[in-house]
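Consider the two complexes below, in which subunit A is the common component and subunit B and subunit C are the respective partners.
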Partner chain A sequence: MTGVRVAGTGLTPFGNAPERTSRDLFAEASSAAFADSGVPREDVEAVLYGNFMGELAEHQGHQGPLMAEAAGVQAPATRYESACASSGMAVRDAVMRVRNGEHDVVLVGGAERMTNLGTAGATEALAIAADELWEVRAGMTFPGAYALMAKAYFDEFGGGREDLAHVAVKNHENALPNEKAQYQKSIEVAEALDAPTVSSPLSLYDACPLSDGASALVLTSEAYAEAHDIDAPVAITGTGQGGDRMALHDREFLARSPAAREAGEAAYADAGIGAGDVDVAEVHDCFTIAEVLALEALDLEPVGEGITAARDGRTTADSDTPINLSGGLKAKGHPVGATGASQIAEVVKLLAGTHPNSEHVADATTGVAHNAGGTVASATVHVLEVAE
Partner chain B sequence: MSDESARDAGFDDWLDAAETGDAYYLECPAGHTSLPPRRLCPTCGAAELDERPLPEMGEIETFTVTHVPTPAFEDDAPYATAIADFGPIRVTGQVVDLDPDAVDTGLPVELDVTSSETTGERVIGFKTV
Partner chain C sequence: MTGVRVAGTGLTPFGNAPERTSRDLFAEASSAAFADSGVPREDVEAVLYGNFMGELAEHQGHQGPLMAEAAGVQAPATRYESACASSGMAVRDAVMRVRNGEHDVVLVGGAERMTNLGTAGATEALAIAADELWEVRAGMTFPGAYALMAKAYFDEFGGGREDLAHVAVKNHENALPNEKAQYQKSIEVAEALDAPTVSSPLSLYDACPLSDGASALVLTSEAYAEAHDIDAPVAITGTGQGGDRMALHDREFLARSPAAREAGEAAYADAGIGAGDVDVAEVHDCFTIAEVLALEALDLEPVGEGITAARDGRTTADSDTPINLSGGLKAKGHPVGATGASQIAEVVKLLAGTHPNSEHVADATTGVAHNAGGTVASATVHVLEVAE
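Here is the complex of A and B:
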């Protein structure tokens, strides 16, 4: 089995660009990834592309070949749809294809156009990640689902809105130097607590924004990187996937994410590491409570204690294990199909010392990226390590 | 959107049953429970699924009051969505007979199929007992 290197990463700015087509977004991100990698486009053997709501936002299915074309690549292409974990899944498949020798070079990433739908339209589009018959038709929205989990968490373990506000404050702070972030603006706890309610107990400041954007990675085999003298100092050494029942009410626990635990355990074992080895992580904070649940599922916090992690400074930039130094989905933005691969891009830059927040993790050698779909009926976790 | 005249077999049948007080859940020989439409137990794959009467009373286990709805519930917001535990199975629904601010965990509820103020479509509801 060959190792997998990240030769290049590329992101568009994440934010409000309702007029930009997803093909244009992916063209920009993939161009940046190729420029960063030094790998010629003609060496690409496959394109793996994540997207969630393209049918609703752009009336566009069959997006694989469209995106290969947009990237200027002539190679077979596949679109991956796993709600907000779409490009995490694409990365996982890309890693497995390179490992088993199927390909030496792949282009993997994702894009999402969302803001052209407006708030109501995007809320409707995001809701299709839930069970249409048993959840959506009862009026459950995507924020509503996480609100149900947040309320269940408070009841089971304690904590409250103020603890969650600290997660938002931390992630906004982290996004300040990130030029690709949707919000480069600090917020205060009091401001977050005063924000309008979206779905109680969650307010506007507990929720990630609607975002347009794309991400791309050029992955190569270790052998290809060596043979072509490609500068690719970070390797993807672990990959894991977890699954769960689709509807939240069918899960054993309403305030835990077993699919993320399953993915994390698999990825840690695959890389031969333990949670204690993780120096830095990007976790899927579509809502503040989601960061708490992710920390616990990844064993970065004991179950029931993740709620105080941001407030007590265990996950801030100056802590031993900073979480979401990019700003997370909360402040960096969440163009859903682009998110999973964008998290990998952020961890690569943090480990390579090329991220605006790398100073906070100067000695880091091991990073983790956690991507979740729906109410975490799908999850991927990847382990990245400095290889040279 | 799908053809609105077409029923969702299994699901609409369940709503019909719930409207006459005959709601049910499915149980496999190993005791795993689920909601229709099912041909197979989602836990073990068993094909033998028996319909059993849903216990009359459930209890609100968690809830949220939604202020930013999908377009299908535009005129309904704010409304309370809850997950109620009926013992062998949980169900997600809207609390219909209480001010959303009065909804709380632990409240006993019964199923009550209601309709969306926005679309007139049937909605799984809970009324307090």
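Here is the complex of A and C:
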């Protein structure tokens, strides 16, 4: 089993670009990743690509070969779809393939075009990540689902809207120096509390935006990186995946994410680390409550205590374990299929000292990326470590 | 690296079942596969699932966890989408994962619900496997695309509609004893030639039908099968994948499938066999011309000579290398996401002596399954061998 290195990362700006196709977005992200990596396109042996709603937003399925073409790569390509965890799943298979010697060099990433559908259209399209027969037909959309989860959390453990507002404030603050972020804009707690309700108890500032964008990573085996003198100081040392019942009503607890716990435990075990070793993390904060649940599932906070983490400064940029230094989905944006691989890209740059927020984690050696699908019916976690 | 065994296979009937959801179909196929395997559901470590058009046909994405649930399995699940090669790609990743020790037991398969869309609706949905911007908007659908390929073949190598009719006649003949086949019905060459034109030069009998259905396989490591005394006489010994430009107009030749050639060469090399070792094959005959192109890409026929293979009896049930003894997509049916894994299931039964057509390949030890997406912009090939 060989080590897996991240040789290069590339992201488009995340934001409103309704006129751009996913192939256009992925061409930009992959070009940036190749330029960053120093790896020639000809060495790529496979393309693994995540996309969620291309069938609805672009009337385009079978995006694997299309994205290989957009990236200027002649290699077999596969599309992975796991709702908002689509490119996280692509990264997971990519890591397993490189680790096991199937390939020396892979291009992995994702893209999503969403804003061309408009807010109502995109919200409806996103709902296909829930159970159509038992949830969506009853009127459930994701703001409503996460509102149920937030309410269940408050009922079981306490906490309230102001605690969640601190998550939003923190992530907006983190996004300020991130030029690729959708919102480079500070917000205040009072502003968040005064924002229009999306689905009670969640307001507009508890929700991530709709975004267009793409992400790409060039992964290589350790042996390839050494043989070709590729500068790739960060390794992916752990990968894990978890699953849960699809519909919320089939779960024992609404305020828990067992799929994320399963993925985290598997990834930690795979890397041979514990939660206490984590120096920095990007977690899937599609809603502020999702960040709280993720912290607890990853054992970065005890169950029932994650709600105060941002408010009390345990996850802010100046804390021991900053969370979502990129700005998170909340402020950086969430082009669904691109998100999982983009989180890996952020952690790589944070650990390599090339992120605009690297100053906050100068001694960090271990990072985690957590990517979730739907109401966390799917989750994948990756551990990244400085290798050189 | 451990060997990979097929411990059990399960298929629903393929055909018109517009009232059945994909979860209903997959529950049936997976139950059959578990019953056939003797492997308990609790031992499954991952579910890998192929589906193509669930977003359009059922307004349901994120089908991975939904299908784990339908199968009664608590394990992380991933959905693969590569148009008509969706479950072939799922099998490929499943093989790599078991081979490399990531998992001992996986459930892999696929499902598609199509006929609820009606003929025009399903044809339009299928078109998302082509290039939306450069092909579909210009009016191209798959009957038209394969008609272009057939015409190019006739122009370059000769042959004609009557040759293709023999492919259809052969595959209908093969389907007669296959109780899961959509058409258990003989046809005559004259009948095929008289059938209404779908897209010249292709007529109705050159095209596979629209179908609903599901397929499932229980794969285990060799070590698991031995330790648990599982009867699994057939091994998957080779896997390969190929890719090509998405749009037909970007290819050098219309009457070639380089992606299938790449996949076949890789799979043969992986298994350490040559085309001459193949005793039986299931190939992706979404149209009769596709079977011809597949035979040539897999080196089972020289380039330019595959067109006469059925007519001259080189691929019929009584030949040395029968092709599509299941009836193929043409007569067995083509529930898109289910097809790739179902082809593996057919080859397994043919090699194990449990297929209604096994008598035609009594001494066969090596089989091949070829699954293609779109106009073969994606292809995957698997080699199966009798191991015990």
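Brief remarks on what is shown
Quick note on the criterion: the second predicted complex is superposed on the first by the 388 of 388 C-alpha atoms of A that agree within 3 Å, B and C clash if a C-alpha of one lies under 4 Å from a C-alpha of the other, contacts with A are read in each partner's own complex, and residues count from 1 in each chain.
Criterion: contacts are C-beta pairs under 8 Å (C-beta built on N, C-alpha and C of every residue); 3 or more make two chains touch, one makes a residue touch a chain.
This one's a predicted model, so the numbers in the text were calculated from it and none came from an experiment.
In the superposition on chain A, A:120 makes contact with subunit B only, not with subunit C. Once chain A of one complex is fitted onto chain A of the other, the partner contacts of A:21 are limited to subunit C, with no touch recorded for subunit B. By the touch criterion defined above, A:319 reaches neither subunit B nor subunit C. When the two structures are aligned on the shared chain, A:102 is found in touch with subunit C, with no touch to subunit B. Residue contacts after overlaying the shared chain place A:184 against neither subunit B nor subunit C.
In the superposed model, A:133 lies in contact with both subunit B and subunit C. When the shared chain is aligned, subunit B and subunit C each come close enough to touch A:245. In the superposition on chain A, contact is made by A:198 with subunit B only, not with subunit C.
Once both structures are placed on chain A, subunit A residues 133, 136, 245, 250 are touched by subunit B and, in the other complex, by subunit C. Residues 21, 46-47, 52-53, 55-56, 58-62, 64-66, 68-69, 74-83, 89, 92-93, 96-97, 99-102, 128-133, 136, 241-246, 250, 259, 262-263, 373-374, 377-378 of subunit C touch subunit A in their complex. On the subunit B side of its complex with subunit A, the touching residues are 8, 11, 34-35, 42, 61-74, 76, 79, 81, 83, 90-94, 105, 116, 121-124.
Chain contact summary for the complex, subunit A toward subunit B: residues 119-121, 123-124, 127, 133-141, 143-144, 147-149, 151-152, 155, 196-202, 245, 247-250, 254.
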